[in-house]
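Here the chain labels run A, B, C, D and E in written order, and each chain numbers its own residues starting at 1.
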Amino acid sequence: MITTTVAIILGAPLAMFTTPTASLMPNIPHAADYIRILPEIVLSIFGMVIMFVDPLMDERKSQKTLGSIALLGAFAAIAATLFQAQPQYAGLGFWNMVRVDHFSIFFHFLVAAITAVVILTSYEYMDVQQIRAGEYYALILFGAVGMGLMSSAVELVLIFIALEISSISTYVLAGFRRRAAISSEASVKYFLLGSFATAFFLYGVALMFGATGSTSISVIAEKLAAGNHSLLVYAGVALMFVGLGFKVAAAPFHVWTPDVYEGAPSPVVGFMSTAPKAAVFAVLLRIIFEAHVPGTLWLIWVAAALSMTIGNIAALVQNNVKRLLAYSSIAHAGYLLVAFAALPANGIPAAMFYTAAYAAMNIGAFAVVSHFANAGERYVKMEDYEGLGRRSPILAATLTIFLLSLIGIPMTGGFFAKFYVFTAIAQAHLIGLLIIGVLNSAIGAYYYLRIIVVMYMREAQEEVPVTPIPVGLGLALALSLIATIYLGIAPNRVLTYAQTSVSELTSSSTPLASASQAGSAMAADGH
Amino acid sequence: MNSATLDTAILSLVTFIPLAGGLLLLLFPRRHRDIRVFALVVSLLDFIVSLHLPAHFDRAKSGFQFQINCAWITHPNIHYHMGVDGISLWLVVLTTFLTPLCVLISWNSINDRVKEFFILLLVMETALIGVFVALDLFLFYFFWEATLIPMALLIGMFGHGRKVYAAVKFFLYTMIASVFMLAAILWLYAQTGTFDFVEIQQAIQSGHVAHFSGAALWLFLGFFIAFAVKVPLFPFHTWLPDAHVEAPTAGSVLLAGVLLKMGTYGMLRFDLGLFPEQSRHNAPWVMILALIGIIYGALVAMVQPNMKKVIAYSSVSHLGFVVLGIFSFTQLGLDGAMFIMLAHGVSTGALFMLAGILYERRHTYEISEFGGLATPMPIYSTFFLFVVLASVGLPLLNGFVGEFLVLSGAFQAHMWYGIAACTGVIWSACYLLWMYQRVFFGKVTHDKNNTLPDLNLRERTALIPAAVMALVMGVAPFLWLKSIDPAVHASLASSLTSVAQIASKVVGR
Amino acid sequence: MTPNLHLWLIPILPLIGATINGVFGKRFSRQTVTGIAWTFSGAAFAMALWVVSQFSSLVLPYTEQLSPWIQAGTFHAEFGFYLDQLTLIMLLVVTGVGFLIHIYSVGYMWEEGGFYRFFSYLNLFLFFMLTLILASNYLVMFIGWEGVGLASYLLIGFWFTKDSAASAGKKAFIVNRIGDFGFLLALFLIIQHFGTLDFTQVTSAVIPYGIEASGGFLTAIAILLMVGACGKSAQIPLYIWLPDAMEGPTPVSALIHAATMVTAGVYMVSRSHAIFERAPIALTVVAIIGTLTAFFAATIGITQTDIKKVLAYSTVSQLGYMFMACGVAAFSAGIFHLMTHAFFKGLLFLAAGSVIHSVGGEQDMRKMGGLRKKIPWTFWSMTAATFAIAGIPGLSGFFSKDEILWHAYQANWIYWFIGVFTAFLTAFYMFRLWFMTFFGEYRGEAESGHGHGHDAHSAHGSHGHGGIHESPKVMLIPLVILAFLSVFGGYVGVPASLGGSNRFDAFLAPVFHSTLPSASAEQATAGESAPPEHATESAEPGTGHSTELIFTGISVCAGFAGLFFAWLLYHRRPQLPQEIALSLGGLYRGVLHKYYVDEIYGALFVKPLISISRGVFWHGIDQHVIDATLDDSAAGAREISGVVRRMQSGNLRSYAGWIAFGAAAVVLYMVWVGTR
Amino acid sequence: MVPLSYYLVLSGILFACGVAGFLIKRNIITIFMSIELMLNGVNLSFVAFAAQWHALSGQVFVFFVMVVAAAEAAVGLAIIIAVYRTRATLNVDKVDLLKL
Amino acid sequence: MLHLILFSVFGLICVAGAVNLLVQSHPINSALSLVVVMGSLAVEYLLLGAEFVAAVQVIVYAGAIMVLFVFVIMLLNAGAEERSKGSIVALALGVPGMLIAAILIAWVLVTHSGTQPVALGALPGHPKDIAELLFHDFLLPFEVTSILVLIAIMGSVVLASRPEAIEHSKKES
């Protein structure tokens, strides 16, 4: 009880400074440990600053200011990530809880960047939808904290908590348009199913703990490497897969996606279709490739095939753009999972690159949608997009590029992303999955194309108002556009960076070794 | 810069000048005239630059020239590898030659969203050239896919009638087909660890590719289906008429003139180059498909009520000749196939331009709408007749040479195929002359047609180069064949040797 | 040392003329156009004459390679020109007659719109025709071959506003294409077996082969070449285009469809005699086709009333004679007849044109008559030509036809018999024309010679100085010259039997001397196939001449018989023909309608083809099979999509159900994996 | 001496009951409760496994799970209230505006 | 022996409570039966020696959280849930799936968990030891939970606070 209340009351300060509580403890954490969670710290600081500032300001005017603070926070987080990237900070922190490596840096950067773009997108959305900005931005930042932690955590329980942070923040964000019935419905659906799935994940964790006596991924890896393959492990992996599969919207755990995406505010959808997904994929990567859990290959094979097919097929006749993009995100989760079926050497970088590319293009698409949807998200149907090519050429052109990237047309990130994934799977000689994949990418072209067709090749029946593009959105679009094109023209840097993390994940390098000792020590010091 | 560096840079220049131009156009104000002029300048510039290739092309050598090969992406091992040989050389020039004409021909016909139009046109050009010069399978696929969108948009945005249907059909059809090629390419990469065409070829010939013998057929088919749809070969041809009829003139010109050649070029370069054995095994039914294409296309063309459809189906027929020539595996056949590609590009391109000119005046392609046009527009009808004759295959015009070579090649390979294909000579005369008669001869039936203005200066400047080219290619084909011949010979020879080697290996096992 | 002849100039000159007239002619005055046309065609003629003048110093055959054309692998074809006696004769005929007709046309076409166009086409034709005959290999020959087809297409369709003219042109081109189909295949065979298309090389390559008594690839080549010839020279079954070709202006009919182009087939066949000689079967085919064509065309000619149609069918039948000659390997005889035919048939057409011109565009002989007085010049020249073609002794036609018949007899008497009967028919319908046109009373509407034939265009001019009138000088001069030629042209080839020495034959001997090794020559004579002629010459002269004289006599009689019956029916008892026609009934109608050949072809090939293409291929396969499949599959995809979307029932618990189910599946699978 | 597996099975049963509740209950609140039930089941197995491995960390996890459960409860109930405001019902079967 | 009896008694109560939660149609009854489950679980914890956990279980769970539930039920005065068209999928796929999974896992736990019998209070979790773990090895998760709780509070504040107007209609379906 005490601990809980302490947590609730002093929690926030605790999160940032070496608290008195902690300093009373023997061997307190070093500064390096805090630097290893620097981005999270920064984000939470800014989150709380927003919370403090919010009440002081007038509801109407505060939005811009709060937004700027949040944006600042996001950029600060990026800076922190870059600072963190210095070699001397690589390694484990907080007694094998987090691990800073290229992998985590990659995802931290990604998450922070996404957050920044989302905040930019939300800038005028707040006004249009009359949403309380303070909590909104704070929640986004805190959510980012969770996502960041997920990618750097190497301890299942911490992962679980981080996952919960990101999930709960998105549950709330999904329901932010409280006047809209669909928004709260989306929220409740997301929440209930989410917690449902989380319970599965947690049970899986429990079973893993039961099988290996530890929840530290490195220790688990060791135990498994040592040949402990009790059925508990398989059951645990299965249940964890259910939980994570739900979070990344992989079939057959994808059912929630369309409803939630349709109901949630568009910028939020842009956020939760990219950042948490990226983080969860990071977790999956760690679990599958770092912990070397057995027997997942065909599981992933099937899940990938199902996701791609269901997503693409179901999207064919969608008439609501947000829903359509939801289905497309299911399909893309499928493509991403394809990479997981490949060999680590090719699969990990492919998956990482894909998450980045997908984030860039999808968030861009949703940015356009959110702007075009207008007050109360009124214009989200296909026919609303008719003649957009004339009414707002720039908006249309940008959306077109994002859609082309989603199709996988050359010179866009989406093309390379798909290409690497398929290359990886080909190198794993899973030709069947390869064929399914390429066919899907062809089928999928259709419904993206439909939007383009509607925008450029049909004339509008009823004039849908298009407000001029505000600065924030413009910046957001520019950023995601640049990212998309850059990943399409010169993907080499990102890819090589992603490849460096292969060795970290797969091979047991020195920090891992120390971690294992620590882990066993921890397991031992129960008595 | 000195010629050595120029030789390495030239292909990149030729390929990307249009793209650069397109990007510059983005920044242009929406003043139509400036945009048009600029587009014309860019395309002309590119044409002039591209003339460097034939000028400095060493016809003695058979290998690739003007190569540039540098690592683009380290892992997967993708190279920025470009180069031309006698086969691709002329296709590149053809592209750069046609684009300025396209710009000219769409000068007035496009008044809405001019900027988008010309940007798309230039991007299109880059992609097309890229396809022909790419020697890295990835790069090839990159450009291959890149051609889809501009063309689809050109059709969908600037077309007419059921433009959307046509655009979507075109896009999906070719997209779905080409993913099979992607799969094949990836398989090859997985086995050889490289996308480089030359290296893969060597690997295959030296038998260093694991599980190749088992997969070869599927790989061949994977490539073949993609190409067959592009060509288009008989059962896959239905997208072509729709696309053509709805497309704007420039679109049709590039579509018929160059885009279809991507397919035949691909067959020549990749199917023959990488899977000679399979190509030979499958040659019979491929040739039969080609035959069906020739005759069927011609017959259907004959009964079309729509000028552009006639021309479109005639393309099906002509491309059938090309495929026939390629899969005859004879020097003559391959030379002829190459030559038809170029000739068809010029003459059919010209045909579409002419059709477009008529459309500008009457906004219809229905043959029944015309008749007796020779009276109001003598010059136009003369040009039209000239081009028709060229594509009918009158000696001394470009159509004949290729047809003759292909037919004799096919005849040598399989006599009866040759004979059957030879009937195409009759059909082409039938449908084209019939169309010509219905459009130009007789009395003027619609009053509107009485007042049609004849060609103006711009249109003539657009048409004359094509006409002249048709004549020159007919009179002096050796200028082209001189560089085509060795390349074809080399590819044939290499395929022969590789077949021999594979055979010997089979024997060896 | 033979001088460099620059043969290439001969075709190029008319081409230049054609280009100038074609491009700038619109702005030129008629005089200028005329000047250009005459200059360049005349120049070609002059060149030809100059070449003849050089003859003594020539070493024939003379070839010159201008430049490469097609080079692919081992195969290559140059722009090469080739001159030997055969070429020389053709050269003279073409350039000479061509030039004359140029002169004539000026008068004939003076009032026409598109004057420049006409002469540009005419020059273009000369270019292609000369290329054809000067070619040194089959491919260049094919240029001319196709080119003259094009020219005739353009000229037949000269009055393109008339649908009949346009269709006639198209028909001509397409039918010719069918022939070319055979020609091309022949070329492919030649390439396949000899790797070259050069005449000299092919000939020398052929030499070693013996006679293919039972057929072989040479036979195939020969027959295919014959198919080509059938197309170009309007032989059965491809003759149908020639009568329609009369839609063109009359000078065109004279030049292209009588004198020169249509004889290209004969020229080509004799050019490839080396191959034919080795293919008896092919020769037989040629002979039979020739004979039949000659006969049937003649029969049709009897019934025609359109003056030009009569001449057209007579042309067909005369060509039949030539092929008969080739069929019996009497190539020089064929060429001889070709030449004389060029003279008198050209003349006939020009004269007919003059008649038509004079009566203001009327072509129906039933509306003519009694023109003898009104247009004497035309009448007399026409007379000369008629007698020549009818084979009245002493005129050119007599010698050539006679020689053909004689050779025909030596091969097989049936050829001869049909030939003689055809000669009779020829004489009959020609004199019929003659009588109907020039004798009796004028049957056209009085004094107003403005009928509505398609030459009505020329009428516009002619009724300026109304009534029936003699044609202008510029038209008459060519008539006279040609009349002279058709009278005396035959004397270059007086056969030995008539005390001549057949210089013509001797002149061509170096070309047509049999390429067969003597041994196989024996087989040839032994075999029922035609003997190469030097064999026959060597057969003991005395009896040979006497028998030859007898046969000559018979054919002469046939000619006079024709004259007599024509006089009887069309001058003495003009009503008789109708009665005969009635008595014959169906047969007559059949003949009148040209045996319904066009209709049959239409019903057999054209209509089915079109309806199949439209009904089966386009609507059927293209739209209802292929496209339908595509659209259906698209629709199917949408159906499936609709089904898959049902998964999104919107009900939370069903979602949970899916998740639980999926979880169960996953657990099941994993546990299964674990237990394995 | 009781076999630990008994405890584990008990936890499993609780978890299953939770799942079943989620599937068959119609009242959103009850559904939420069954989630709590699942979490409880998990907690039991954590404690059991802790005993199995003599690792106290297992018991520590339970605290974290409880915190999470508390947080979820707070948020979840708030969401439920929000839904009730907009839809005036707690029956999940009626909350299906979003479908297909 | 005693251990086994206690275990089975409270285990049965526990399961009974859980089942009751399912069968009760009125949420308040379900809530109360959940309390029962939690209480008996606390006893199970005690049997395993985790007395601190048991205490927290009773206080936080049965105390705080369940009170919250009851409070909300009262607030929304939720009545007995009415019969409404259920979901075929849930019953046709979900329930069988759940049963299969449960049986499987149970089987796994019984046969392959590799666990031995334990004595009463097998692993005494004294607050001191737990605290050491909590503030040393698990310091970071502990601190992070504060964030979790923070957003939980914030979220519930946002969502529960009454908005100005409510649009009932859902555009597009």
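Miscellaneous remarks
The rule is simple: a residue touches a chain if its C-beta (ideal position, glycine included) is under 8 Å from a C-beta of that chain, and two chains touch if they have at least 3 such contacts.
All figures in this text were calculated on a predicted structure; none of them were measured in a lab.
Shared contact partners of subunit D and subunit E comprise A, C. Touching subunit A and subunit B together: C. Among the remaining chains, the Cα-based centre furthest from that of subunit D is the centre of C. Look at the CA centroids: the one farthest from the centroid of subunit A belongs to C. The chain pair sharing the most C-beta contacts is D-E.
Subunit C and subunit E have Cα centroids separated by 102 Å. Here the spacing of subunit B and subunit D, counted between their Cα centres, is 64 Å. Centre-to-centre separation of subunit B and subunit C, using mean CA positions: 38 Å.
Averaged C-alpha coordinates put the centre of subunit A at 25 Å from the centre of subunit D.
Multi-chain contact residues of subunit D (touching two or more other chains): 8, 15, 18-19, 22-24, 26, 31-32, 48, 50, 52, 54, 56-57, 63-64, 66-68, 70-72, 75, 79-80, 82, 85-86, 93, 95, 97-100. Counting partner chains per residue, subunit A shows two or more touched chains at residues 3-4, 7, 157, 161, 164, 168, 171-172, 175, 178, 180-182, 184, 187-189, 192, 196, 210, 230-231, 235, 258-259, 262, 443, 522, 526.
Among the residues of subunit E, those touching two or more other chains are numbered 56, 60, 86-87, 90-91, 94-95, 98, 101, 104-105, 108-109, 113, 115, 123, 134, 137-138, 141-142, 145, 148-149, 151-153, 155, 157-159, 163, 166, 168, 170. Pairs of chains in mutual contact: A-B, A-C, A-D, A-E, B-C, C-D, C-E, D-E.
Contact residues of subunit D toward subunit E in the complex are 1-10, 12-21, 23-27, 29-30, 32-34, 36-37, 40, 43-44, 47-48, 50-52, 54, 56-57, 59-60, 62-64, 66-75, 77-82, 84-86, 90-91, 93-94, 97-100. Residues 346, 349, 389-390, 393, 404, 408-411, 415, 419-420, 422-423, 425-427, 429, 431, 434-435, 438-439, 441-443, 445-446, 449, 452-453, 456-458, 491-492, 495-496, 499 of subunit A are the ones touching subunit B in the complex. Listed in rising order, the residues of subunit D touching subunit C in the complex are 19, 22-24, 26, 31, 92-93, 95-100. Residues of subunit C that touch subunit A in their complex: 637-638, 640-642, 644-645, 647-648, 650, 652, 654-656, 658-659, 661-663, 665-667, 669-671, 673-675. Within the complex formed with subunit A, the residues of subunit B that make contact are 72-76, 113, 116, 138, 142-143, 145-146, 148-149, 152-153, 156-157, 163-164, 167-168, 171-172, 175-176, 179-180, 182-183, 186-187, 189-190.
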